[in-house]
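Next up: some structures, all given as structure tokens.
What follows is a pair of complexes built around chain A, which joins chain B in one and chain C in the other.
Entry: the complex of A and B
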């Protein structure tokens, strides 16, 4: 196998005295969708926040394209090509849709290229084009999620970290967003997807990890997990 | 599609009005012309504070201290007690830069603090500046202040220009100095408009909105905050320089640079509309205009009433002030001219 684009080796993270991640190891191969599923409080979001540098790591290593990034500040990790769409979307409510997208391209200087990528984002999520002059805060939940993903893409990342893109959205909208994620992946984007909606996540992913209270308890091809009786019982409600 | 927003129309009107002020019969109205100039200087001060509080959302409670640094810096560069004795133009530039640098150096260690904690530190900073200005008598003149600040307009190699314009010794007098201040105000106003539209300006707003999301976008929050402090303090330092030259001394620190001054400037920023340039013009002119000129006029009117009221307006002016702020917060919480984004 080729070198993984992202690799976590025995990552420990705590908030104060509470240890949230107890030595997890995850691998993401290039051009794949890898999903991390798990219940509330399992440490899914913390995993992503640790990767993106927003939460300090305690122990362990994170390699991106073979380079260690666990001591790199958040704003530089983005420059290396690892973009995050955080949980709860975190769009800028008082910037317009277009300005939000431009913020996503903050690290870039090529005006023409940025314009091109904004058009690309509008192509991926046409509704954003209709809303481009509106303030981010006035968008619906689904539109905000689309904006958050589009904004993360504006830095031309090699890899995308997505945190609960289905959170609080109607099934129709969720399907649209997951279609878009698959389309991005077909164009070559590696994705690490953290989801509570395990069924949907496993359906589009190549590989899956199950996270339980800070440890990886299962790791297998997504199709396998989808048909694993333990996963079905615990996360798919069957 | 509107070509002009309401706020830019107001801005044009205010600047037009300010341009015409020297033509008004100020003397007959009982308005001292030096207070009118001071209002302009305070407007520049508010525009600087707005960069820090309005754009970037850093609650700075010690802006008067920064203002004091700019003033004393000018005093040192101009007074005969020191060997510098620079011209106004040079002093203006150096004061702006030095104030920005000092303020950045002092704020840099506390940039990680947020909200209330940052506010407290800046509050303490202002008190320290006042004490230093008061106690370091050999440098700042202490309570006596640095006196006699009457620099030439241009540096020596341009002095013929000053002569040919017939400004020698005259340019600090109303209305020429008033127009110099107005020109600088307009320049800063337009400069800030460009800043708001720039990448950095958007970065400031993004930090105010959500620091975590901003850093996930590749923004360096600490660097951007420091830039906001630098740009804002630079503008405030420039205002301080104008103030020193205008008053011909560095003014007593316990009067001009105390917490009260910070608060009243902050109040006019909030009243005008945080983050809105036009709001700053309106806020300062209304609030400080009322404080410095309005109360004076009203007092005169009151004292001429047949039944002399037993109180003086100047002693209860802050009651009106408080009432206005309460009403504002109730009916226009984003200020008289809110930032466009609201």
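Entry: the complex of A and C
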């Protein structure tokens, strides 16, 4: 098998004295969608923030394309090709849609390429083109989510971390966003998708992990998890 | 008191006081920018900022001892405007690096109290440097004024004593002193430069983005610590520019001037809407006008009451200041 694009080996993360991740191991193969499902407070956001270098790791290793990144500052991790669309979108509210996209390309200097990628983002989410001169803070929740994903893509990442892209959105919008995620994946993007909406996530993912209070309790092909009675009882409401 | 009010009220003197207020306001605004920039990025009220300004004045005072005779001294002024801001900027960067940076993850009260501590340390440094009594610069750097009793001096005096009315009614000729022209020639380019930097450059956009959402900024590949250091550097530059102009205009300095002027400037930042750059400018000018007009028409002893009264009234009706955004978007 090929080398995983992202690998977490026994990662521990704490906030002060409270240990939130208790030694989790996760692997993402290139060009796959891997999902981490789990209840609210399980540590999903902390996992992504630890990977992105925004929260310091306590113990363990994180490898991106075989290179250790767990001691690398956040801004360099992005440069290496690992981008994140964070929980709650975190759009820059007083920058326009276009400026938000430009901020996504902060580490790049190729003006023409950036312009091209902005057009690509508008192609992926046409509504953003109509809104390009509007301030980020005035967008609807769905539009903000689209902008957050588009913004993350502006650094031309090799891999995308997505934190709860469905949160608080209408079913129609969620479908649009998940279609876009699948389309990106078909074009070769590796994705680590964190979701409370387990059914949706498992439907588009190749592999899935179940996270319970900072520990990985299950790891299997997404289809398998979808039909696992324990998963169904705990996360699929069946 | 009433009599004296009538005596003073002439259009000519009013316009002079308004002008004076605008000039002092521009100085307050310059200092206020240091508060507002830092607050905008890390939500810290940097109480030490006024004392960085004070040390800038102290440095200017010492450098003026080496000033050549007028008119060669005119070359010396740009040198002051270069050296002092650079030193204030380095001082600010050092304070950030040694004190605030290690406390970045601590509860908000911790850096705030540390800022007070730094303020006291800087005040002590100033006291060691120039002693406790006010000092005046002896060198003449600018051309002498045709009219010695410039209105600036008068407002200053008026704020110090209530018995300045005699001096205030004396006729005057010059509207702007050379120091005022220096002030205008410093403040306008400095503020224009900042506005252009923040609005149009990549690093300026990174500053705005960091202020709006620091976590998202990190996820965009922005080196947030660098942006913070740059913000302190800019604040230091503005404090240094203000220090040079202030010292040459007022000519008297003391080790506690950072406390008082810092408080005015901080009030200006809050009145304008802390975190907002145009707000700091607007707030500075407003405070400057109250400072100048209040001293003359109400009485020097009441200036502080007027300034802080305005602050309170304004905050009751507009808690976020004139141009402040209401609540920071926080998830």
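The working rule: the second predicted complex is superposed on the first by the 238 of 238 C-alpha atoms of A that agree within 3 Å, B and C clash if a C-alpha of one lies under 4 Å from a C-alpha of the other, contacts with A are read in each partner's own complex, and residues count from 1 in each chain.
Here is the rule we use: a contact is a pair of C-beta atoms (placed from the backbone, for glycine too) under 8 Å apart; a residue touches a chain by one contact, two chains touch by 3 or more.
This one's a predicted model, so the numbers in the text were calculated from it and none came from an experiment.
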Room on chain A for both chain B and chain C (clash or fit): clash
Now for A:155: first (chain B), second (chain C), both, or neither, which partner does it touch? both
Just to be sure I read the superposition right, which of the two partners does A:135 touch: chain B = first, chain C = second, or both, or neither? first
Go through the superposed model and pick first if A:87 touches only chain B, second if only chain C, both, or neither. second
Touch check for A:79: first (chain B), second (chain C), both, or neither? both
Which holds for A:104: it touches chain B only (first), chain C only (second), both, or neither? both
Footprint overlap on chain A, comparing chain B with chain C: 52, 54, 73-76, 78-79, 83-84, 86, 90-95, 99, 102-104, 106-107, 151, 155
Residues of chain A that touch chain C when the two form their complex: 52-54, 73-76, 78-79, 83-84, 86-95, 99, 102-104, 106-107, 137, 151-152, 155
Touching residues (chain side chain A, partner chain B) in the complex: 52, 54, 73-76, 78-79, 83-84, 86, 90-95, 99, 102-104, 106-107, 135, 151, 155
For chain C, which residues are in contact with chain A within the complex? 202, 205-206, 208-209, 212-213, 215-224, 325, 329, 331
Applying the document's contact rule, which stretches of chain B touch chain A when the two form their complex? 199, 202-203, 205-206, 209-210, 212-221, 341-342
